[in-house]
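Think of it as A, B, C and D in the order they're written, each chain with its own count starting at 1.
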Amino acid sequence: MRFGDKETAMSLPHVERKESDDTHTVRVGDALFGSKEIVIISGPCAVESAEQVKQIAELALRTGTKVLRGGIFKPRTSPYSFQGLGRKAIEILRNAADEANLPIVSEVMDSSQVDEYESIIDMLQIGSRNMHNFSLLKRVGKSNRPVLLKRGMSATLEELLNAAEYIMNEGNDQVVLCERGIRTFNDFSRNTFDLTIIPKIKQVSKLPIIADPSHGTGDREMVIPVARAAIAAGADGVMIEVQYNPDKALSDSTQTLYPEQLVALVEDIRKIAPAVNREFK
Amino acid sequence: MRFGDKETAMSLPHVERKESDDTHTVRVGDALFGSKEIVIISGPCAVESAEQVKQIAELALRTGTKVLRGGIFKPRTSPYSFQGLGRKAIEILRNAADEANLPIVSEVMDSSQVDEYESIIDMLQIGSRNMHNFSLLKRVGKSNRPVLLKRGMSATLEELLNAAEYIMNEGNDQVVLCERGIRTFNDFSRNTFDLTIIPKIKQVSKLPIIADPSHGTGDREMVIPVARAAIAAGADGVMIEVQYNPDKALSDSTQTLYPEQLVALVEDIRKIAPAVNREFK
Amino acid sequence: MRFGDKETAMSLPHVERKESDDTHTVRVGDALFGSKEIVIISGPCAVESAEQVKQIAELALRTGTKVLRGGIFKPRTSPYSFQGLGRKAIEILRNAADEANLPIVSEVMDSSQVDEYESIIDMLQIGSRNMHNFSLLKRVGKSNRPVLLKRGMSATLEELLNAAEYIMNEGNDQVVLCERGIRTFNDFSRNTFDLTIIPKIKQVSKLPIIADPSHGTGDREMVIPVARAAIAAGADGVMIEVQYNPDKALSDSTQTLYPEQLVALVEDIRKIAPAVNREFK
Amino acid sequence: MRFGDKETAMSLPHVERKESDDTHTVRVGDALFGSKEIVIISGPCAVESAEQVKQIAELALRTGTKVLRGGIFKPRTSPYSFQGLGRKAIEILRNAADEANLPIVSEVMDSSQVDEYESIIDMLQIGSRNMHNFSLLKRVGKSNRPVLLKRGMSATLEELLNAAEYIMNEGNDQVVLCERGIRTFNDFSRNTFDLTIIPKIKQVSKLPIIADPSHGTGDREMVIPVARAAIAAGADGVMIEVQYNPDKALSDSTQTLYPEQLVALVEDIRKIAPAVNREFK
């Protein structure tokens, strides 16, 4: 397999695209990642209250969102920051999703959380900080739940694909990749959204890939143009943080869209999709 | 003026966008950078022969390209690599452009080249390696020619805007910015195209900005998706390397499009433009 | 607390240095990290055989090494690379260390490994790939074993210090930091050893910090000069990979020193230490 | 020639080290870069007044400094920042240096400055922002003055060596390289001093290399440990910004040493030099 200049010695039998391969599809509820249809995942950064999530689930339905996101455990830089509501959050999220008939995606941070929550969470998210946590990758590889694997903050293409290979080598082939920004010298945004990995993944791997412009930029004003760009570059979907009172959010407030911004973004995606031979209904 | 987290002490009276400002427009022939219409610049990396440029000028006309590009002096990492045809190249390029009634953009590498060629070149390009060459910036600031200012390989937003300020402070306000990829740890592409600077420039500056996905990726297969994405993110245009025999090009062969790829890209741009309230005729 | 330009909102009560603070010391066997004496940790990347480790333990004694290192579980990019001998390795390492009367440091990759091995391993190493694995950080924070916390490949100063804070906030204050190279655009070495974090840690934190020039450079020829430099910059010690047949090592062969190179390095450190008011006996 | 993983196609006949080669030496006054003796260059960032430079020249003599530095033209990010005193500065610097019988090194920013000042400046400095300014490199390659070539902010090893090759290919083989910090994600120092390039240059090239910890860190408190480390890693010298009233300096005030700090640093270097088989008298 070739990466940039060099032929890698590594074998990636599960993730590599051979010429005859179609993109691999992964189903989560009504969403089919890797199909012709663009998938939108939306929801709050962290689950904070039943009222909050209920409102967002209704917005999700209205905007064509196919998967509801919401953090129950939040990996935070400081041990003294809000760490998520945990068990209480999962109940809130599950109830709201069931009422709206939507599947949920939420992050798991270690094997014991997988044990406890894999029956409740429809799609298990591996956060960027855990992309190299091989014990966790192997554990979700033994789950029968689809996995959303976020790229590490400084992960190379080779490392991202090998992380997926760790999961798939354990038997679980329902893996969707997610670009969420990398660490560079740039200081005008929290991370540098690496758009170029989207077409590159399409070239070398059969796995679907989506974009997370919320974490990828850390700036509400940049989420919409970057989301549009990701679709134009061939992404299979986007994951968007949205909330009714983003300025009061307990985490990620500066990057969370207002509801009307999500509505506008969905309209943009509807227009761009046909230009890249995709659709969003 | 705010960049990311911090308030900068620097004053940028010429490039800064105040709330009431429209995007500043810059005219080069029929192209009007910063207007509603997307501008496409295309041509070979380096001028190699009259036949080569004549063919490309015809392709330019056919694809709606408004400005013809072509290197006459090539800044190359090694002193032993092909350095451009110089004076001979400028005649070839000027003749082909005149026949097609197109303006040309070409790089100047020092003040003496500006002295010698500013009467012949319609738009003076400052390459990324010279973005911090303040003597050259001041010299083109005294020219009456429009300037295409490429972002340095590791230039911050603040540095890019200040480079434009150096030019404008000398009296020349016809400046168009260009994103062409930054240095990061990524090893799957020659540079990392920083899509996010496009919406950021739109937010903080009134200058037009275009994208150079050819240098921004260094990989022909990624030029088309990245060009589409740049337009979707709000870029005012794209600059594309194209040639009839890219595999035989004396420089940048791996990133140069085949003519039919440019035709396809133009079709994509025509479809995406309306989704971002732009047009390409 | 100040980091570079900005005042951080984060509180770091355990790791922060107040003006009156001495460097915090951490004892592992005869080694006292943070004291006047430079500490050398050495050993093979991975435990491969009893014979290998026995030889290295003898070399350790001869060179004044105070802690023996050896990987029992190896976090590898590819799931198909050698992953360490696991349980078998720990017995080999423990036996050789006991015979030489040396403590051991070895990496743990998840909470269940801490449960199983904390009674056997004298100092628990958190690898760079797990620096953001907050579940694991909390778990070793409940251990009574000293912890060697390696900086993540793209961790900021703030993130490294907060990772230590996660551990100490659980009650374990025996934390030693370790710089092991960061991700940059550089392509002449595997990582870019960030020397500058050593004096910066001394300025803002009371925790000891050592250098790992083996992983920090990935190149045997650069290990010695970088190790010398780390001591000259104020590091409290170095961790060095060494083996009798490095070219046959199952992992990290290009960065592993030959025994005579370790002997030479130790001599250099003995000479440099007094220039920075330290000693190595 | 090998760089990291790859064999470069580029030929570097002038800078490459063949096995039989000694380090090339470059003489500037009494300083012999690349010899057994460590060379210290010191002086203010910018020449501000005759009194300032006179005091510093006396300090230079007292500390064993062999070359006096001082900026006459300052490449500044903003066109509205202090740009150096120009012609007036060169007279001040020359007079003070003559009185102290010291040679001077100062930056030239374009070919016309070389024309005007090469008879006055003993060693021509190419700043990091101009490392890719090939017109300027060729011009100093035609000078008979030694050149101090600073690494670009994001220059690879290959690019740095090729920049030197550009100079030497024009006939001037008196080139000294200088590491001054690179652009990375780090936010606790202005640049990330790349210590590792020092031993790497020693391995692949015969050119001398010195360190500029003042620009390399941007922080007075880190200049001393980083300078010590550079010597311990094999650097042929250091260039240090020093001034009597650094807090009132018109540029770079936060990184400029107080005179007594330079005195202390020189003592440290005297002690470390013998450990790496060098000397400082």
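Rule of thumb we're sticking to: a contact is a pair of C-beta atoms (placed from the backbone, for glycine too) under 8 Å apart; a residue touches a chain by one contact, two chains touch by 3 or more.
All values derive from a computational prediction rather than experimental measurement.
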item	value
Intersection of the contact lists for chain C and chain D	A, B
Label of the chain whose CA centroid is most distant from the centroid of chain C	B
Proportion of interface numbers common to chain A and chain B (over half same, under half different)	same
More contacts between chains, A-D or A-C	A-C
Between chain A and chain D, centroid-to-centroid distance (C-alpha), Å	47
Centroid distance [mean C-alpha coordinates] between chain C and chain A, Å	34
Contacts with 2+ other chains: residues of chain B	5-6, 154, 183-185, 187
Chain D-facing residues of chain B, complex	10-11, 75-80, 109-113, 129-130, 132-136, 153-154, 158-159, 162, 165-166, 169, 183
Chain D - residues contacting chain C, complex	3-6, 154, 156-157, 182-190, 192-200, 202-203, 216-217, 221-222, 225-226, 228-234, 268, 271-272, 274-276
Residues of chain B touching chain C in the complex	5-6, 154, 183-185, 187
